[in-house]
Structure formats: structure tokens, C-alpha cells
Amino acid sequence: MTKGRLEAFTDGVIAILITILVLELRAPHGADVAALAPLAPAVLSYILSFIYIAIYWNNHHHLMHAVRHVDGRILWANVHLLFWLSLVPFATAWMGDNHFAPLPVAMYGGVLFMAAISFTILVRALIARHGPTSTLARAVGPDRKGWLSLALYAAAIPLAFVNRWIAVALYVSVAIVWLVPDKRIERVLIDDSAHAKPAEG
Amino acid sequence: MTKGRLEAFTDGVIAILITILVLELRAPHGADVAALAPLAPAVLSYILSFIYIAIYWNNHHHLMHAVRHVDGRILWANVHLLFWLSLVPFATAWMGDNHFAPLPVAMYGGVLFMAAISFTILVRALIARHGPTSTLARAVGPDRKGWLSLALYAAAIPLAFVNRWIAVALYVSVAIVWLVPDKRIERVLIDDSAHAKPAEG
Amino acid sequence: MTKGRLEAFTDGVIAILITILVLELRAPHGADVAALAPLAPAVLSYILSFIYIAIYWNNHHHLMHAVRHVDGRILWANVHLLFWLSLVPFATAWMGDNHFAPLPVAMYGGVLFMAAISFTILVRALIARHGPTSTLARAVGPDRKGWLSLALYAAAIPLAFVNRWIAVALYVSVAIVWLVPDKRIERVLIDDSAHAKPAEG
Amino acid sequence: MTKGRLEAFTDGVIAILITILVLELRAPHGADVAALAPLAPAVLSYILSFIYIAIYWNNHHHLMHAVRHVDGRILWANVHLLFWLSLVPFATAWMGDNHFAPLPVAMYGGVLFMAAISFTILVRALIARHGPTSTLARAVGPDRKGWLSLALYAAAIPLAFVNRWIAVALYVSVAIVWLVPDKRIERVLIDDSAHAKPAEG
């Protein structure tokens, strides 16, 4: 039941975040194409952030499948993740309104970096609770995609001041890496359903 | 459980979208009828969008009844649908603030067209997962209302530049077509409950 | 399951409405008491609307307890109720920003009147589905509080132009009448749990 | 089921409150560090309020674990708590926009004080319903942290006019006290699961 309420609260916050992103897109005053054109950077940063938040929802969803126990440390690790995700609309608006200027692009990467760190902390808290031989620990495995993402964000932040489009390209690359659903967790879960259910369920 | 969380997340996003629509209606500064009158186009576009989003919730709800399995492709097809629905408040505000000018009316139709396309993609992903002889595939059937809607939106977009009220009339017509609840899915489901439950449940 | 999703969607919309009400309270620019004082009408209308929306959530909650079946007509009657409730933040802001001027006060009553009408339509749709001898029909009974509310709203709308405080006093009176939880439905449900469960459950 | 819907509604409102807090952080117009610096007070008050609302969600969550019955009085005590929490975004914005001026800092404390009072009323309503020897009553116990928080808020409000940073330090202190998860309720619940489940479950 605790797990259920944790999922429900997280779903609620993520659903609101993905939806209030659109509040940053203000309808322009004119009614012609010329009025619409200046919105292009805001629309592009909107699409990128929409995809990022959907990826977090998707990964959270897959991760929680393998969770059997929730404690106070896990609850707060989850709140910490939601805190960094809650800054995505702000960072998106600042980046879009300033036409991808270097500092806002770097700060967008900083928010993504901290969100990825907080997801990793959540995963560690879950593994600490379930044990290193649990289904969950094996499902997460070496977490290559997680470490790759952190490295790319860390590279993108200084690169934004060299050429901002390199940083944006790195953010898009990380999104593409994650758009492929996390087969590892699904595969281990299915294996466990086949082998281990009599012992674990 | 995956289906439950997909429904909960979708309900959350749709509930927020249908509610933040009203944030576009700004209370006028004056307190007399003259201050209220200029709001009429915004109120009309608000009502139309409220009904459209309610129709999507209703159809999504009916569709998910017949769903038994969810995979990564289905999750992303659903996120794709939510993306286009998330642009409805923006398109509504632009159309209402500009008193139904041609370009905003055409763009409103474009968003509805893409939402309908993404609903069709979701239906195809569900049928691919459940098989062409599943309850779900038979419940959806030839999907005449879906194809009719797509044709009417496609017609409305260029017609908005001829006479915008023709386009608006087409949007209203599609809404009326869908306000009738989707008897097909309900009927097939009831048939299946009567005949096939011992085999399928 | 249909009932569960109807409740979840309604809870979502009502939770958002009750929360975005507060977005109408803009933080004043000054930091002294003089800056806060002009907010008083907005705060008063905020409190009144908060209580009204909480009453609707509470009554909806009690009503749905006795519901066993949901159909398309009931879904749309519920959406219709949510539509009128969704106009409450707009009407609240207009009334508060204009310091309870007659027309906004009358319009606030108009929105409450239509919300009450749509609640009555929902109750009728539920009774039509469950039959006049159902637990639900007996629980609703003659619905004296519902008819009294409609009469008081209908009186308040023209009276707002005579003396707006009479109208406001009537809105406050209706809220007080409903703040008492609906014992009728609870009582009949408890009776039915005691007597009729073997036959109905 | 009533408990479930109460939790779902509360989760919905708290998820929205914690998310719309971020709407107060408006993206600055410039794209350099000088444009970001004036946001510091707003960001600090945002972080503090985010943590406070997360603490309320966490404590509400722990409290509801031990709840077995819900009645009208409890529903309204819960709505009363949500009302005071709903004023947190307003108080946060006023405090942040005015760079922690004395009156906004005192009012922030006033909202926290009333939220704590309403949480205490909710706890009392729950104990009145479950009895003084219930698992819930024993889990809450003497509620030292609750009374300490009330005393610190009451001290902070006048102290804000002496030195506002003392008041802010007190708010931070209370948050730290509560960030430690409520072991009392968890411990008594675990004891009861071990001893009393055969009799109570």
C-alpha cells in the first residue's frame, strides 16, 4: 500500500509537471505566421522537456515494478527526485525565452544532471533496502545508460559556453538513448516470474 | 498493474489539461456587461475544447476496457497522444484571443488532426499486441468514426482560409459525432462477457 | 472499474480546481499591511469557493458510495457537472477583483446555480440507471437540501442587483446548509448494509 | 474505500500544491548571471516550501496507515488542513518577492502555524473516532514534535519583527526536526503487526 501511494503521488506530480510545461507557451498576440515564428525556440524546448519528463515517468514506472518494500529513506529519495524534476519547467522557460543562450542551456543541463543524480540515489536506496541479490538489484545491473547520461550531461554543461548547439545535441542524444524502453528490468522480471516466483511471491 | 498506472497517469494529465484550459479565461477588469462581451470568443473556444478533451477521456476509457496487455510501444504511443492533447490549451487560447482568425482556426484543426492520428496509432499498437482476432480488435472494428473525423479535420484546415466558420462548423460536427458514446466497444465487450469469459477471463 | 476511474477522474479535476483557485491570489508588491488590505475581497471569495468545491467533492463522494453501475449517460452527466465547477475559479476571480460588484456577484450565483442543476441531472441519471427502489434512490430521497439550494441561488441572482450583500449572505447560507454531512445517504447505506447485503451484494 | 478516496484526493491536492509552487519562479528576461541573482530569495523560499509540503505529505501518509475508519468530521478536518496548505504558495511568493521582509516572513509563519493546528485537529478527530486505546492513539502518543513545532512557529511570528532571520532559522529548524521520518508510528504499527494482528485484522 505504501508503494501504491508513492507511485500515485509521483504520477500526480509528474502528470502536473508535464502539463504545466505548456503554460510557458503563451499564445502570441498576432494571428499570422510572423507572430508564431518567435515561438519556435520555446516550442523546441517544450518538446525536449516533454520527452524528458515522459522518460522519467517511464523509467520510474519500470523501476517500481521490481520494488517490494518502501521505507522513509526511499520516500525522501523519491521526493528529492521530484524536486529536481519540478525545476524542469523553469529551466525550459528560461532556455526557450532566451533562444538557447549559453547560460540557460548550461543550467538546463545542470537540472537534468541533478535529476539523473537523484534517480541514481533512489536506485541505490532501493537496492540497499532489497539487498544486492534481489530481483531489483539484478534488474538494474551495471546501469550503463545511467552512467553514460551523467557523463554526457557533465560534458554538456561546460560545452554550452563553447558552442551551445553541441550541448543541445547532447541532451537530444541522451533522450534518444532512453526512448528505447528499459529491456533489462523487463527481461529480469520475466525471468524471475518464470523461475523464482514460487520462492519469492 | 501496468495498465492501472497507465490509466492513472493518463487520467491525471487529461484532468489537468481540462482544468488549465480555464486559466486562459482571464477575469476582465470592468464589472459590467460591456467588460464581459469581449470574452465571448474565448468562452466559445473554451467550451469546444472542454468537450473535445472530455471526448478523448471517454474514448480512452472505453478503449482501455478491452486492453489486457501493455508494453513499451503502447506506453510511448500513449505519451504521444498526451503530447498532442497538451497543445490543445495553447491552440484554444490562440484561437479565442484572436476571435477565430483563419490561421489560429487552421492550427486548432491541425492539433485536433494530430491528436486523432496519435489515437489511431495507439489503437494500432494495442491491436498489434492483442492480435487481430482479440476482443479489442473486434471492438474497434472498421473504426468509421475515426476515419470520418480525420477526413473532416483534413478538410477543415484549408477551408479555414476560405471561410473560418466552415472550419469551426466541422469541428463542432466531429464533436457531436463523438458525443454519442462508443456503442461498438461496449456491445462487443458485453457479447464477450456473455460468450467468451470462461475461455478468456 | 468504470466507477473507480470515474471517481479518480472527478477527484483529479476537483483537486486541481480547488488548488488553482489560489493562483488568483496574486502576491502584492508591497510588504506592509497597506499592501495586503486590498486583497481582502479576493481572500473572502477564495474561502467561499474553496468551501463550495470541497462540498461538491464531499457530496460526490457520498453519492458514489451507493452507485453500482455507470453508463455513457452518467459519464456525460458527470462531465457536465465538472464543466460548471470548472468555471468557479473564473467567477471567483471576477467577483473578488471587482470587490463584490453586483454583476459579478450575480454571475457567481449563476455558476453555482448551473453546478447545482448539473448535480441534480447526475443524480437523476444515476437513479434512472439503478431504479426507483434502489438503495441509491432511497438514499437521495426527496432531496430537500438540493431544491432549497436551487431556490436560494435563483433568488440571489436578481437580489444581487438590489443589494449584493443579500446575495452573498444567501451563498454563505447555502454553504452552511451543506457543511453538515449528508446523513441521509449514510443512514440508508448503513441500513442496507445491515438488512439487504445478502440480497444485493 | 472512503479512506482510499480521502488519500487519493489529499495526494492530488498536495501534488498540485508542490508543483504550482514552481509557477512562482518566473524565468528572468536576461540570460546572464546578473539576471539570475535577484531570483535567489524566491528560490530559497521555494526550496523551504517544497520541503514543508513534502513533510506534510509524508506525515499524512504515515498517519493514514493506522486509520481504519473515516467519518464526516474527519473528511472536513482533512479539508481544513488542505485549506491552510493551499495558502503556502501565496505566502511563499509574498516572502520571496519581498526578499524576506518582516511582515511576509511573519505571515509565512502564520500559515505554517495554522497548518500545524489543522493537522493536530485532524489527529484529534481520528483519535476520537478510533478510541484512546487504538493503535492510532498509541502511535501518535504524546506528539512532542507537533507541540514543539507549534511553540516554535508561535515564537517565530513576533520574532520576525525583531530580526527576520531568527524567524527563518526557526522555520528551517522545524523542517529539520520533521525530516527525520516519524519512527513512533512506524514502530507501534510494526509492534501491532507482530502482536495484535490476529485480533485486529
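Quick notes on this one:
By letter and in written order, the chains are A, B, C and D; residue numbering begins at 1 in each of them.
Keep this in mind: a residue touches a chain if its C-beta (ideal position, glycine included) is under 8 Å from a C-beta of that chain, and two chains touch if they have at least 3 such contacts.
These numbers were taken from a predicted model, which means no experiment stands behind them.
Judged by shared residue numbers over all numbers used at their interface, chain A and chain D contact each other through mostly different positions, with under half in common.
Superposition on CA atoms relates chain B and chain C by a rotation of 90 degrees, given as a multiple of 5. Averaged C-alpha coordinates give centres for chain A and chain B that are 27 Å from one another. Chain centres here are Cα means. That of chain B falls 38 Å from that of chain D. Touching of two or more other chains is recorded for residues 8, 12, 16, 20, 23 of chain C. By the touch criterion stated above, chain A contacts chain B in their complex at residues 7-8, 11-12, 14-16, 18-23, 25, 27-33, 36, 47, 50, 54, 57-58, 61, 65, 179, 181, 186. Those residues of chain D whose C-beta lies close enough to touch chain C in the complex are 1-2, 5, 8-9, 12-13, 16-17, 20, 23-24, 71-72, 75-76, 79, 82-83, 86-87, 89-90, 93-94, 97-98, 101-104, 107.
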